[in-house]
Each structure stands twice: as C-alpha cells, then as structure tokens.
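Per-chain numbering from 1; labels A, B, C, D and E assigned in written order.
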C-alpha cells in the first residue's frame, strides 16, 4: 500500500519530467532546419505537392496549436505519422523497439555481470596487477569511441572470426518471426526454437560487446571505489574477527552494499547508452529504434524524432524506477527509511 | 607548560602542501598522468614548431602520396588526400584540448553552482533545477547534440555549444547529491550559528567537500568530450574540414579500416593518450584531496 | 605464563605513514588466565585498540607491522603459526565485540543471515556438521541467551530496524555463537546511553560468569572496570604502566598516570576537583 | 537444394515499398523487383514492353493506348486487367507523392480509362513529350488484393509493409532501415533467364569498413555503386570482380549565379578552369568526361561540338583579372555533403587550387536536410555546391527541367538560380513538341547556352563501379532510377 | 532581582512523523512544555537519555529550529524575532554534540576559527593574531592552526570547537554533550578549561549531558528531561541526593561508579532485563499504568 503510493508519486514526477521532455523535444524538432514536407517528398516534388503535405501536417499552424495537437496525440498513444516511412510512428517504434530493447537489456546485463566482478577484483587486489589491468582496460574501453570499437569488432568478425556474423539479428534466410515479445531470445525459447536462440546470441555478441564495454569500464571503476569504501567499514572488519572467510566476505558481504553506486550510475548512464546504440545499430544493420531515430533526425522527420525521444525518455524513467526498486532491494535501509 | 610538552610529543610536522605533494608524488598514476597532460599541452602549444609539415593543416592535397603507411618521412603515415597524419594529430590535439577546455569551463561552473543551490536550498529551487536536470538527462545526449548541430551549422563553436548544453547536468547531479549529504552535517549548522553568510557556506564550506569528486569527474570528462566530438564526426556533424580534430580524424579514417589502419588507429591512440593522462591525473587528484586516506 | 590462556610478551607495533614510522606499541605484556575478567584501560590513543587487533590478527599488514614480541594462545605461538590456523582461531577460539554497534552490523543483510554465515564457517572449521535448520535453531537460542525478547523477529530484521541496545546485544550474540574461550570487547556500549549501557554490562558480566569465558575488556570508563573486571592493566603511550587487581589498584594506585586517571573520574558524590588535571601530563 | 542468393549492400534505407510513394534511388530498387509497370526501359534508354505488349500514340500525342499482355499475372496468380491500371494511376494521383510529381499537370483524375478488360487509354491534359519515358515508373497494383486493406488511407499502411504487384519477386522480409528480402516468383509471366536468382537480400550498411568486412567474411554478393575506390580495390583483392558501367548520372559544381563572386561569369569560368578534372575522375571518383550539362549517354541529344573543359590555372587567373572582382580579395564558400568522402576530397582539391588563384576559401559541410533548406533562398545558397544528379526518366527533359527551369528554383537540384526566361522557353518548347528533330535542336542549343554562361562546373558523368561475386552476371545500367537492379535480368553462372 | 540571561517558558516542539514513503502519519512531541532559567555566570545542566529532547532545546535556543510554541528570552528579549540574526549570533554560541562532525573536514583549524571573525567584520590583518589568541586560550599551540580535523585527537577537536564558539565573546554558551566522545582524562581537561574560561569571561553555560557524575561536578542546577518533559529540576545536590522522579532514579542507578561511597548514593532499583522500552513504549506503558508513580 505504502509502496504503491510511493510508486504513484514517483510516477507523477516522471510524468512531469516527460512533459518537460516533450516541450524540449518539440522545440528541438521545430528548430531543425529544412522543410520536412519537402524532404519527405523527395527532390522531384512540385511546390503544390509540398504545400499539400504541409497543410496535412499542420506545419503552417501556430506553434502552440501544433504542440497542443502533439500532446493530445501523445495522450492517446498516437505519435503521428512518420514522414520517413509514411507510417504511424507508433507502428514504426513498435516494430523497432524490441530490437533495441533486447540489445540494451543484454548490454546492461553484460555490463553489470562483467563490470562488477572486474571492480571487485581490482578492489581486492588494490594497487596490484589485477587492479592495474582493470584500470587500464576500463579507461581504454571508456575512451575508445564506440563506433571505432564496433567497426573493429566487425572487421575482426569479417576477416578473422568467420563464425560471427557482421550484420543483423538473424541470418537472412532464417524463417522466424518474433511476434510474441519481439525479443528473439525470449520468443525463440517460448516457441521452442533452440536454433533461433543460438543464432540470436551469435548475432548479439558483437554489438553487445561494442556497446557494453564503456559502461562495463565505468561500472568496474565505481564498483572498485565503493568496494574499497565498504571494505574499510567496521562491519567487514567485524566479519573478519568472526572468522567469515575471505571469499564470502568479499563476494557476499562487501559486494552487495557496494552495489548501490554502480546501479545508480547505470540508470543515469542509460541515455548515453541509447546514444551509443544509435551508432552501433547503424554499423551492425540492427533493425532497432535507435538507428531509426538517427535517420529521423537527419531527415527532419519531426514526429519520428519526438516519438523516439519520448519512448526513450519513458524507457529512461522506467529503467530508473526499476533501479530505485532494485536499490531498495539491495539496500534495505532505503526500503525501510524511504528515499530522501 | 601544558602545550609545550604536547608539542614535544608531536613528530616533526609536515606542512599540508608538502603532505599533498607527498601523496601526489608517491602515486605513480598521478605522476604519469601529469606528465602526459603536460606533454599534450606543450605539444598543442608548440604544434607549428614540432610538426614536419605545418601546412598540411590546411587544404593541401597530394594525391600521389595518399594512403602512405608510417615511415621516416611521415611518422604516422598519410591520409586519403596525402597529408601528414602526424602533423594533423598534433594540431588536432590543439582543437580537441580547446574543445574539452571550453566545454568543461562552461559546463563545470554552471553545473556546480546549480547543484549547490539545489542541494542546499531544497524546496522549489531544488524542484526546478533537479527536474530540469532529469529532463535533460532523459534526452539521449547524442540526439541533443545532433539536433543542435543540425540547427546551427556544424562547426567547432556549434559542437561546443551542443556539448556544453548537456554536460552541466552531470555535474549538477553530482554536486547536488554531495551537497545534500553535506548540508545536514553538523559543521554546516555550526557555520550558520557562527554567523557565516550563505555565500560562505556554499562556496567555502560545502564546495571544498565536492572538489575531489569534481576533480575526478572533470578529468574523466575531458576524454569523453573529445570522444563525443568523434561520434559527431562519424555522423558527419563535427568540425568543418580541413581543420583537424582528433575525433574527426578517427571517424574519417575509419572508412579505410583495415587496409589503411593508421589513418584512424593512430589518431585514436592520441585520444587514448590524452584521456589516459587525464584519467590518471584524476585518480591522483582524488587521492590527493582525500585528506583522510593516509598511505 | 604457561597457565595463561593468552599471553603477550613485549609486543611492539609500528605504523608507517608518509614514510615516517610511528612506534605505537612499545613493549606490551599481558596475561589472561582462563575464566578471568581483565580490563585494559588508558588514555585515548594509548594503543588499546591496536593491542586488541594485534591479538586478533586484524592489523592491516603493510601499514602496521609487529616488529618484536611474542603472543601465545593456549601455549601455541600466534605469530609463527600458519595463516590458515590463525584464521581458524578467529571466531572459534577467540572472538571480539566491536565498539560501535551502529556501524558493526552489515546494513544490507538480515541479522539471521549474518549470524548463520558466521556459525556455518565456525562449524566448518571445528569439523562440526549442522543442517541449515539446526543452525537457525542455534542462532535463535543464542539470541535468546542475550535476552532478546523475540528472537524470531530479530532473526528476520535488518540492523536498521533494531535499537542501539539490541544491536549491541546482537554483536555479543555473534561473538558467543561458537563458544569461544576468549572474548575481547572494545569499549562495549560506550556508544549507547547510560541506562542501556548499564544493561549491556550486566548482561556481559552474567554471560561471562555463566559460561566461564575469559574476558578482555577495553574501556576508558573506570566505573565500568570496577563493576565488571577483577584485574586491570593500565596503558599509557604504548606501554603498560601498571597492573594489579581492581580493588588494589583503585585503592592504592602506584604510578602517577594511574593516580591522575583515577582522580579525573567525576564522582557522583560531587567531589571531583578539576584543578588536579594539570598533574596528569 | 542450392539456392542462388544475392546479398547486396546499400547505403540508404528503403523508406517505402509503396509504388505511389517511392522517391529515391534505393526505394526504386525495391519496387522494380516487386512490381512491374506497363513498359520497361532498356540500358540504351529505349522503352520496351512489360505488362503491356504494345501501345499506340494518337497523332496529337494527347492519347496513349496500352494493350495488356494476355498472360500477365500478379504474383498471387490473378490476371492483370485494365481496371488494375486505372486503380493504380488513380491511387497514385490521389496520394500525389513520389512518381506523381512527374505526371503533375499531365494526368488528372479520370484521365485513365479502361477501354476493355485488357486495354487502357491515357488522355494527357497537355502536351508532354517525355510521357512514354515516365510510364515505366507507374507500377501496377493488384486492385483485388489491395481493396480489403484500403482503410481510410488508400491502403497506405498496408502497402507500407506488403506488396501486391506483378513483379518477378515477392516480399519475404522487410525491416525498414536495415534490410529487405525478396524471393523469386516462380510463375512470373515474363519468365527468367537460366540459373535465375532465387532470393535477393539488401542490407543497409553505412560504412565502408563494414562493407569490406562483409566482403571478407563472404557474406557479400554485390555492392552498390557508391563505395569508395579503396573499397573496390580491397574487394577486388578478395576475389570479387569489379564492373565499370558508364551512367547518365552527373556530378556538378553548381555555381550560384546570383551571389558574389559567382555572379560574374569570369569568376565562374575561372573556377571551371581551376578544376583538376583528371585527378577527380582518375583518383577520387570514377567517371567519364562531362562537357555539357547533358551526359553523352543521351547520344542523339548531346552537343558533341562543345570542347572538353580544361584545367589551366594560368587561364583561370586571366579570367579572374577580367572579372569585376579583379584586384579585390575574393572569398568563396564550397558546399558539400556531410559524410561523403569523395565530395570532401574534391572540395579539398578545389580549395587547394582556388587558393592558388588567390581565392579565400571556406568549406561548408552540411547534412542533406540542411542543404535542401539552404537551397530555398538565393542568399543562403553557397557560391559553389557539389551536387550529384541522376536522371529520373530516360529523357533529357529530366535533366533540364528539374535543374534549369525557373519553376524548379529553390530546390537542391537548381542551386544555380539562373532564372533566365530564354532557358525556360527552350525547355518548355522541347517539352511541348512531339517532333524528335526539333527536340534535338533545342536541347543542343540549350547546352551551348548553359556552357557559355558557365552555369556550373561540369565535373564528370559517373562510371558506376560495382564489386560482384564472380558468379553473378547480368548487371547493366539503365538511365532511369535504379531500374538496373531488376534481378530478373541477372543469373548465377557457376557450378 | 537580576534578570536571568536565559529564560525558557513553556517551550514545545513537535516534529511531523512521516512514513518511509513520505506520508504524514503523526507527530513526535520532542519537547513538551519545558520551562527553566539560567542566571548570569551560572551553569545549568540538562540531563536525560538519548532522544529525550536535549539537543532540540539547544537548537531552538540557537535559532536553528523554530519552536512550535513557547518563548525563549535572551537577556529579556524574545528570540522569536531575533533568532538567527547577527545580533543573536553574537550573544549565544554553541558547542555541538559531536566534536568530529562539527568541524569541516576540508577546512583547517584556522579557517574554521576565522568564520565567526569574518562574520563579525574583524579586519583581515587582525585575524591571524586573534586565531592564535583563541588557540592559546584553549591551550593549543599556534602551530595547530594549520592542521585539519582528522589530524586532531577528539579532545583537541573539542577544544577547537570551543575556541571557535568563544571567538565572538558570547554571553551564553550552549554545550551539547561536549565530552561524550572523550575518555575521562581528556574530559577532565575540557571541563577544567570551561570552568576556567567561565570565570575569566563571565560566561553563562547551558550544559547538556547524560553523564550524571559529570553533571554533579559541573552544574549548579540541573533539569532532568524525560520524553521531552522536564520531570525534575533544582539544585544539583538536592536532585542527586533526593531524586523524586522514578526516571531520575533509574538514571542514577545506571551510573557506573568507582568507589563505595558513590555506590551508596546510587538508588537500588533492579535493571529491566531484556530490551529497553523505547520512549513511545514507555509512554504507552505509563498511560496504561495510570500516570506517574
């Protein structure tokens, strides 16, 4: 009950954030130069055709009115039509979202699952070689541009590791439609198709590595710092005195309390992650929402831009809400005392 | 006399500056980091003197010598129009460092002040500032940067504006959370009862508690700012040619991977070098500002 | 010496910071016979906690070094025994209670979880086997022994849900789980208020007597010493300056430092004269 | 069971596969394979039968009657009938996007009628000489299949993800933005060559390195024509064959005739003389000479007597001296497209040369949407712009009207801002006449006029390069959109 | 009659209680109808266990928290209007409960002591001299000015905090458990110093502690706080020798003592075994049991 009202309150704040977001995005979208109608119709369009489309899109109406229409549509889950694809943006996003969602989700998981132990190792052997290795690897992965990592991995797969595919989510010949959740890993299991599952993993591998390295490095560094902090706490010392062996102390008693900062960072980093997904999807021909978003911006596809940003905004808000709940799970102090 | 005996018991006193220096100089990463950063800055300043072909910064084309691998003449090889990559890397360092400097010099103070205000005053100030920060954080940075770059024409100044327009939010967040923890400390109330002004409390009492986090974050950011520039260039929204910047060079050289690998890998190494320097320096600064961590 | 459960001989410990070496312990001698209650008192910073950590083997290695001395537990040399055996003694043969109950419990695990883990590894080292159920029963039993009214509830609680007194009690229970022969307590209860502190001390005293443990209590509160311990070591600046039975020492302190210390205790009768402090230096 | 699968890369996405909405090169690649029109185009530009076996033009050129093939069927097996044609054209005009722009003012609702089941008549609202050349872009929809999905948007939503045509291939998968896969329609009415292609997969790949990686891994069968020379070299090294085909696509430096300094013809000529054509063609972008605005693939219309432009810095300086800006500092802006390597290289080369004749040069890289915006106003259109242009239908009209007619002003294709009534008159005259000889004369005159005023720097005509798997045959370039990628013309000749 | 320096009349303070997720669920009466006064140069002791409202009273006197109701008169002036003003700041100063946390870890001793000097407009040139003077007053060598708090022992920090509070020569000094973290010997030094300074500067003290032995030796009058109410007040000797309230007796019985005489003074009441009831529970018990004993 209490928790529900807490969630409700958070959700209301989130709505406010999303409303603010919609204003900003609306402003940005209108600010991008180029007449969307003309771009959409292509070079050969006649001025009459362009004017017709402008009228249909309401581009000549006052901005306030256009914004009202936009928000009104938003309420009903209608994001308008995409000029780029000539379909409703909602449908476009529905088609592409799952691919991005799967990519981002697997990336987050990989980043956590690999980053946290790296951080633990670095903290445990502080100032010794594992620490230096982790530090270097994380700096290296953080400062190599994501697109370069993606390209290098793709080249690696193309020239050396011929077993890994360089583009797409599934082999082109594979006959499978992910019509349950849109996520191949889940749908293939539900439909009992191990071959699809295996292929999906193979195709995910490179984009996920390219995308997760940066977050992994950050998580490793933050985990390291907070592990070192926690390791100095009395309660870890007390465990030592009570004879709890090192591995339990490190991996159980020190790890969990040090998990809050990396989790929080992960939530905040989320929009950066989506940003990088833009580039990674382009390179790996990933049929995702992020690549759709980039094209939408370049083509000044107003509705699509706003749609993508709104959806990723909602995604951001939800991820952070989930992380709040996770933090509450990890750290009962938050759950019991409440979030300040 | 009481205090004399106490003095005598005290081991030889180290000055604070010396202690800091000691901590800093004993920290290999800090020393290496400082060295790297100094090298980069000097290189950037003296670029025209160091480089073999300073004219290659401009519109020089020499198609007969395009795509040459690293050699004694061209240490880093040549690019697709036959310009010396080493020269361009060194000059690119100039632009990239400038970019980082300008972006951080605007984003850090803005973010810091807003974070301090939101964290200290709470209430409406907090709601307005932090909700706005939330909104800005929810916009995928790249979208924002691309949008700004698309509105204004893509050039150095635009890149800076676009990047700085979002960057402050991270600092605001960071400072805000530290300020909130600090605000409730007894010593802040103590300062209030002693009649300190708000300005004093914000900038003299709270801010010093943020410096080590700020130093780390800012030094990490230097690398990221240079990187964002490169991603922008990859999408074709970066700095105008023929001006070299490291990010743009990596991005445009990437088209020639893997055959002419030096065209993107070597400028990439330069970014790595700069960022590594700043990162190590940041770590060193953190250790230095951490007055209680005695090693 | 051979009769002592723990004996410390001429213990020296150095700390190194900024390349400077601080001699913190300069030759400590202690004897703790079985079933005895010993107090270690002294000024703040005199090295009490360091002594205790040295005994438990909890000093942070590169920073602190034991430069000289010997330590025997039950006749076995603590300093030369292999690391593994040393670790095996912690929690089973000797256990300790930390000073601050607020920070000594892991905030993100339930009391039950923490206690069960401790018991599990203590059992493992002692070669005992116990099922998870039996372990829980044992934990509840010990919680009952420290006078918890509702052990089951405490078992399921997170530290934040308990009051300071309850947490201190949990810490005691943890130390008692595997029935150690030696219990070291670093200023137990000073972080609590008087009424609670009084209760904790009474509880400890009762438990120690019931179980026949040896207790080494570190404190700066001479009132506490007088009420719980029979023998006192007084430390100052890294050395033991005086030791003797509590009654003797309080009645007739020999060393100036001890005299000053006793004189500085505010009396409930209101006759402490603060003018005497100067003499202490 | 061996299948002949072609995997081709493309740098752009398939925005639409609705024949009423396709606009660009990539879009047409999809519909050409999924749909058929009444007629089709051959590499030499001639119009050949497709769904229609014959057609008749009335003497006044206002009426064209097409007779459909008896055996023409849609991919679902139903016959193609006159009603389908009427439906398709009406829908095209209603939606009024894509190919409709070529028919603006020519066809109006009701101007297409079914004479009988297999005969349709087009009545033109005005004389329009290129009409026959435009018809291949009108793709015929299966009315019966579309009707149930019409909704309130003329089935736009449905046709955005489904195909209902009579083309040689049917849709298998369409991930807008990343890939389009089509499979062979065994019952295609025109049949296939021996060893036909069974499946075509287009993959959207934006990066040269990615294309090479795909080549190295063997995933790639065929590239598009816009890779960098290095990529072709690398792929050749991996065992791909490289085919060169001349095209009628052209690369210009469009000179804004109304802003300083390019408002002076001498300056425009100086720029043309300062252009190193050979380096551009040989090193930067594979191409053939271009001497007039019209590529010489339009053989009969091309003014062959115009001399080839020269690279001569001395002469360029002399031209500058003749201009009204002589002796003043001249600053100039070179515009080109974001992210297009060859354009950047050309621009740098131009900068280097122009600086030698005393210009101060600024580069203006802009993304496509911004270019279209800049092109809408004279003042914002940069003095020099690199523009790649290809014919949208096999007629010189497609080159001249869209680029040089004043009604086209304000678009990216006409950044010259010529605004010359005489030029307009000539273009309209050529459109209005049905006589070929007269057209030829007019177009030649037009070319002389434009060369004379140096409306643009005529850089080159593209030689399209493709890297293909050694087994793949049948690639030919057709001077209309991407009709050359109709894979029913291709075959797999190995084993 | 001379006006008392501080008069506290019917002071109340309640805090809203919020559920973990921020909903208002009730209020705690942290301070309930408390009245007392302190004459010039006197030491008034406020005793009571943790959470009984001692610090809250101190904070209200300092103007850090507004009272819910009641008046605080300082030199006869209601601080309701002047609380937190510079004039008020000059008259009252406070030494916070925890010496560790009331000094900014990032600021050196001299920087910390300069704060009130700066606030009072002392010219920059004179500040260093004054800092040395103040340090000397609390018997710290001048070289300590450049130290950071973590380099000081608990007692030294406490003395810095006192020096800082004395910088503006206040009339009233509020000491919130100034020795709770110290061992007896350091504590003795601090108290000694305070007695001394009080005499020199004619200071009035409000001394807050739960250490009754200390209180007995330092304060002339005491008040015993229990659950926010003053349950007993009077001359120290009287209250200690004849505690009338049950709670006072419990407190006295809990004091660990070092001599037989003291032991004889302690009331003999059995300690409650098991968990100490929380304040709320005690309150409930008391209500159920029908008021005070």
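Note that in this section a residue touches a chain if its C-beta (ideal position, glycine included) is under 8 Å from a C-beta of that chain, and two chains touch if they have at least 3 such contacts.
Treat the numbers as computed from the prediction; the structure is a model and nothing was measured.
The minimum number of touch steps separating chain C from chain E is 1. In terms of Cα centroid distance from the overall Cα mean, chain A ranks first.
The chain with its Cα centroid farthest from the Cα centroid of chain E is D. Counting C-beta pairs in contact across B-E and across A-D shows that the higher total falls to A-D. In this assembly, the C-alpha centroid of chain B lies 49 Å from the C-alpha centroid of chain C. Centroid to centroid, with C-alpha atoms defining each point, chain A and chain B lie 24 Å apart.
Centre-to-centre separation between chain A and chain C, using Cα means, comes to 51 Å. Work out the mean CA point of chain D and of chain E, and you get 88 Å between them. Of all residues in chain D, those that touch two or more other chains are 207, 209, 212, 367, 369-370.
Residue numbers of chain C whose C-beta contacts span two or more other chains: none are found. Of all residues in chain B, those touching 2 or more other chains are 2, 150, 235, 254, 257-258, listed in ascending order. If you check the complex, the residues on chain C that touch chain A are 56, 58, 87-92, 95-96, 98, 100, 103-109, 114, 117-118, 121-122, 125, 158, 160-161, 171, 174-175, 177-178. Of all the residues in chain D, the ones that touch chain A in their complex are 5, 7, 13, 15-16, 18, 21, 23-24, 96-98, 100-102, 104, 156-157, 160-161, 173, 175-179, 181, 199, 201, 203-207, 209-210, 212-219, 367-370, 372-373, 376, 392, 402, 410-413. Remark: chain A residues 13, 16-18, 20-21, 24-25, 28-29, 31-33, 135, 139-140, 142-148, 151-152, 155, 159, 268, 271-272, 274-276, 278-279, 293-294, 297-298, 300, 305, 308-309, 312-313, 316-317, 340 touch chain B in the complex. Across the complex, chain D is touched by residues 32-35, 38-39, 41-49, 52-53, 84-88, 91-92, 95-96, 151, 154-155, 157-159, 162, 165-168, 172-173, 282-283, 285-287, 291-292, 295, 298-300 of chain A.
Within the complex formed with chain B, the residues of chain D that make contact are 207-209, 212, 228, 230, 234, 279, 283-284, 338-339, 341, 344-345, 347-349, 351-352, 355, 361, 363-367, 369-370.
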